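Next, two complexes with chain A in common: one pairs it with chain B, the other with chain C.
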Partner chain A sequence: MELRARETLVPVLLVGLLVVAVGLLAFHDVEQRVPIAAGVLWLALAFAAAVGMARAFGAEKDRGTLDVLLGLPVDRGHVYFGKVAAAFLLLLVVALVTAVTYVVVSGEGVSGNLLALAALLALGSLGLAATSVMLSLLATQARARDALLPVLLLPLLIPLLLAGTHGTEDVLSNAPFAQWRGELFLLIGYDVAFLAASWMLFDAAVGE
Partner chain B sequence: MRGTWIATLAIALVLVDILLSLLVAPEAANFRAPLTQRIFYYHVPSAWVAYLAFGVTALASGLLLWRRDHRWDAWALASAEVGTVFSVIALLTGLVWSRQEFIGYSPFRDAKVVSLVVVILSYFAYLTLRANLEDGDQRARISAVYGLLAFLGVPLSYLASRASLHPDFTRPDESLEAALGWFLLASTLVFTVLYAALMHARLRIARLEAALES
Partner chain C sequence: MLPEAFLAPPLVARSVLVTEGLTRAFGPRRALDGVSIGVPRGALVALIGPNGAGKSTLLRLAAGLDRPTSGRVLIAGIDPQQDGPAARSNLSFLAQDAGLYDALTVRENLAFVAQYFGRVAEITRVAETMGIASLLDERAGTLSRGERQRAVISRAFLGGELLLLDEPTTALDEDARARLLCALGSRRGKRTMLVATHDEEIAKRCDTTLHLAGGHLV
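Up next is the complex of A and B:
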C-alpha cells in the first residue's frame, strides 16, 4: 500500500534527522543528558508522524485511488489496519535511524536496557501510527488539510509523548522496572484505546 | 420574550455568587494567601463546566453518529464554544492562585493542569477543524468523529502525568473547612446554571441561523 515509499520515507526521515540536528545544536552543552535525549527522540518521532501521515490518505485522494480502496470487497477495518501497519513500519525506521544518529553524533555511551527502549519506541510508534492515520483521513476531507493534521494531532499525542519521554528517561538512567511500569502500561492502553476507537469510527469517518 | 427566564436567572445568580464569594465567605485562615484563595470560587466551577461541556460535546457527537441525527451537531458545537471559554478561565485562575499559594510549583508536573491543557487544545483543534469543513452533513460527521477521539485523550493525559502538587480536598489531610466547601458547592451550581443559560442562547442562535439559510 505504501510502496511509493521514496515519496514518503525520504521526507519523513529528513524531518526526524532535522529534529535531532536542532536538538544536538541547541543542547550540546546542557548538563542533563538523559532528559534531553529522551525529549529529542520523541519530538523527532512526533514531527515525523505529523509530516509523514499528512499524505497517508491525501495522495490516495489526489489519485482517485481512495474510492477504489474503500470500494474493495474487504472489511473497511482492514483498510485502516493496513494503513496503520505501513505507518508503523515507517515510524520504526525513523525511530531506529534517529536514535542511532543521536548516539553516534553526540558520542555518548549507551547505557540502559536497549530491549526496554526498543519496546517503548515500538509501542509509541504504533500509537502514533494509529492516531495519525485516523486523523489524516479526517483532515483529507477538509480544506487546508496538510496544515490541519498537526493541529488535530497535538492534543491526542500529549499522553503518548508524556509516557514515552518519562519511560525513556527512566530506561536510559537504568531505573528499575517498577518505576517505568506505569508508562509501559499507559502506552499499551493508549494503543489499544485508539486502535479500537478508530476501527469503530472508521466507517463514520469515511462517510456514506 | 420566550426563553429569557434562564438568562435572567443566571445573571441574578452570578451577581449573588460574586457577593457571596468576595464578601460573605469566611477567610481561609490556613492558607498562605487567604485573599487569593477566593479565586477558588471561580476556578473550581470553571474547571467543572469545562469538563462538563467537553463531555456534552462527546455525548452529542456519539448520539449524532449512533442515531444518524444531525440535530445533535448544534449541541456539540455550542458546548465546545462555551467550554472553550470556561477551560481558559479555569487555567488562568489556577495559575494565578498557584503563584500566590505555592512556592516552587511547576504546572507541568500537575496532572490536572496537563489534562486541562489537553482539553483546551482539543477545543481549539475541534473548532479549527469545523472552520475548515463545508457546511452540512460532512461537517457534522467528521467533527463528531474528532469530538469522540479527543474525549479519549483527556483521561489518558491525566494518567500520563506524574506527581501532582494539585490540592485534592477529597483527602482527609487536605480537607477544606466545611464552610468554604459549601460556598464552593454553591458557586459550582451557579456556574452550571450559567452553562445551561449560555447553551440555551447558543442553541437558539443555531436554530435562527438554520432558519435563515432554509
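Up next is the complex of A and C:
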C-alpha cells in the first residue's frame, strides 16, 4: 500500500534530505566531520520517525480504517508488529538515502566500519519504529494528539539517540569494538524492552 | 417483545450477543449505564434512540473496540477481554465513520477482511447485492461518498456471523438503501444483526427494537 500511495515515504525522505542539506550548509567549515555525519544521520531518522512513523495509527483513524484493523480476528500484537515492520523498512530506506546523499553531496568519501554502521542504524531504526508506532496508538485516543505525540516521543528517544550518535561516531572513526559495544548493547536492550513492553500492552491500550 | 425477555436463561443460552450490566463512563458522564441485553442467533434487532443515547458506545463495546467501565460482553459465549481473537472471529462491525484504503482497489479492501473469515469467494456476490460489482477493480480513492458507503457495508457482510451496524444508511441513495434492506432481510435467520439506526424502514423490518436513551434501555 505504501508503494502505491507513498503517503509516508515521500515526506519522510524529504525530511531526511532537508536535514542533510541544512547540516552540510550549517557545518560546512567545521573540521571534525565525523560528529557532523553522525548527527545528520540520526537527526534525519529521528525526524522521520516523528513525522512519518508516529502517524502509523493516526492515519488509520483519520481514514476510518482503524476499527477495521483492530476488529480483525487476530492477536492485536500482530497488528502492532506489522506496523513496526513497515515503519522499520521505511526508516531503513531513509537511513540509506540520507547516508548516500550525505556522502555524495559532501564529497567526503566513505570511511569506518560500514558493517557496524549498518548494524547500529538497523537497531536504531527498529527502536524508533517500536516506540513511535506504540505512541501513535496512544495518541489516537487523546484529544490534542498532534501536540501530544512529540512531547511523549522525544524524551523516550533520548537514550536511543545518544547511543546511536555516539556509536556512529566511534564506528566512523574506526574505533575498536570495545569503544562502541556499550552503545550497541544499549540499542539492543532498548529494542528488546520497547518491543516486549509494547507487545504486552498493545491490546490493553486499545480503548483506554 | 420487551428487552427483559432476552435475559431469560434459555434465550441467553442461544444468544450470540449478551451484555450484562454494561456500563461505560467517560469521566463523570455515563454513556452507557447498566445495560443488559441478549440478541438471539438469527435475529435482526434495531437499536434506536436519540443522539447521545449510547448506541454507538454499545456497539463499540460489543465489538471489543472499547473497554467497559463495568459489566461484560459475551460474543457467542466468549468474553472479548479474555479471548479477543476468538470473540472477534464471530463478529463484524461497521462504524459510523468507516473508511477504505484509498490506494487499494475495492476488491482488495473487501478481501482484506474477507480472507480472515473465509469469505473471499463471496466478494463478487456481496458486491452485486450492494450494486458495486462494476467498481470492484477501481481504486477506493476514486469512489463517491455513497459508493464508499456501499463498499464498507459490503465489507461488513464479509465478516463474522454477528453483524453490528452503526447507522448503515448514512449517505445511501434510495437504490442503495433498498439493496441494504433487501440484504438484511435475506440474511435474517442466517446472520445475527444488531443495527443502530434512525431509519424507520429498517426498524419496521426488525424482529424487535431496543430503545436507548441517556445510556439506559427504556
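Keep in mind that, in the parts below, the second predicted complex is superposed on the first by the 201 of 208 C-alpha atoms of A that agree within 3 Å, B and C clash if a C-alpha of one lies under 4 Å from a C-alpha of the other, contacts with A are read in each partner's own complex, and residues count from 1 in each chain.
In this section, a residue touches a chain if its C-beta (ideal position, glycine included) is under 8 Å from a C-beta of that chain, and two chains touch if they have at least 3 such contacts.
Computed from a predicted model, the values in this text were never measured in an experiment.
Of the two partner chains placed around the shared chain by superposition, neither chain B nor chain C is touched by A:G107. A count of residues in chain A touched by chain B and by chain C gives the higher number to B.
Once the two complexes are laid over each other on the shared chain, residue contacts for A:L154 go to chain B alone; chain C is not touched. In the superposition on chain A, contact of A:L72 is made with chain C only, not with chain B. Residue contacts after overlaying the shared chain place A:P176 against neither chain B nor chain C.
In the superposed model, A:Y190 makes contact with chain B only, not with chain C. After overlaying the two complexes on the shared chain, residue contacts for A:G64 are found with chain C alone; chain B is out of touch.
In the superposition on chain A, chain A positions 207 are in contact with chain B in one complex as well as with chain C in the other. Across the complex, chain A meets chain B through its residues 131, 134-135, 138-139, 141-145, 148, 151-152, 154-156, 158-160, 162-163, 166, 182-183, 186, 189-190, 193-194, 197-198, 201, 204-205, 207. Residues 1, 4-5, 7, 63-65, 67-68, 70-76, 203, 206-208 of chain A are the ones touching chain C in the complex.
Residues of chain B touching chain A in their complex: 65, 114, 117-118, 121-122, 124-125, 128-129, 132-133, 138, 141-142, 144-146, 148-150, 152-153, 156-157, 159-162.
Every residue of chain C that touches chain A in the complex is listed here, in rising order: 63-67, 84-86, 88-89, 91-93, 95, 97-104, 112-113, 116-117, 152, 155, 159-160.
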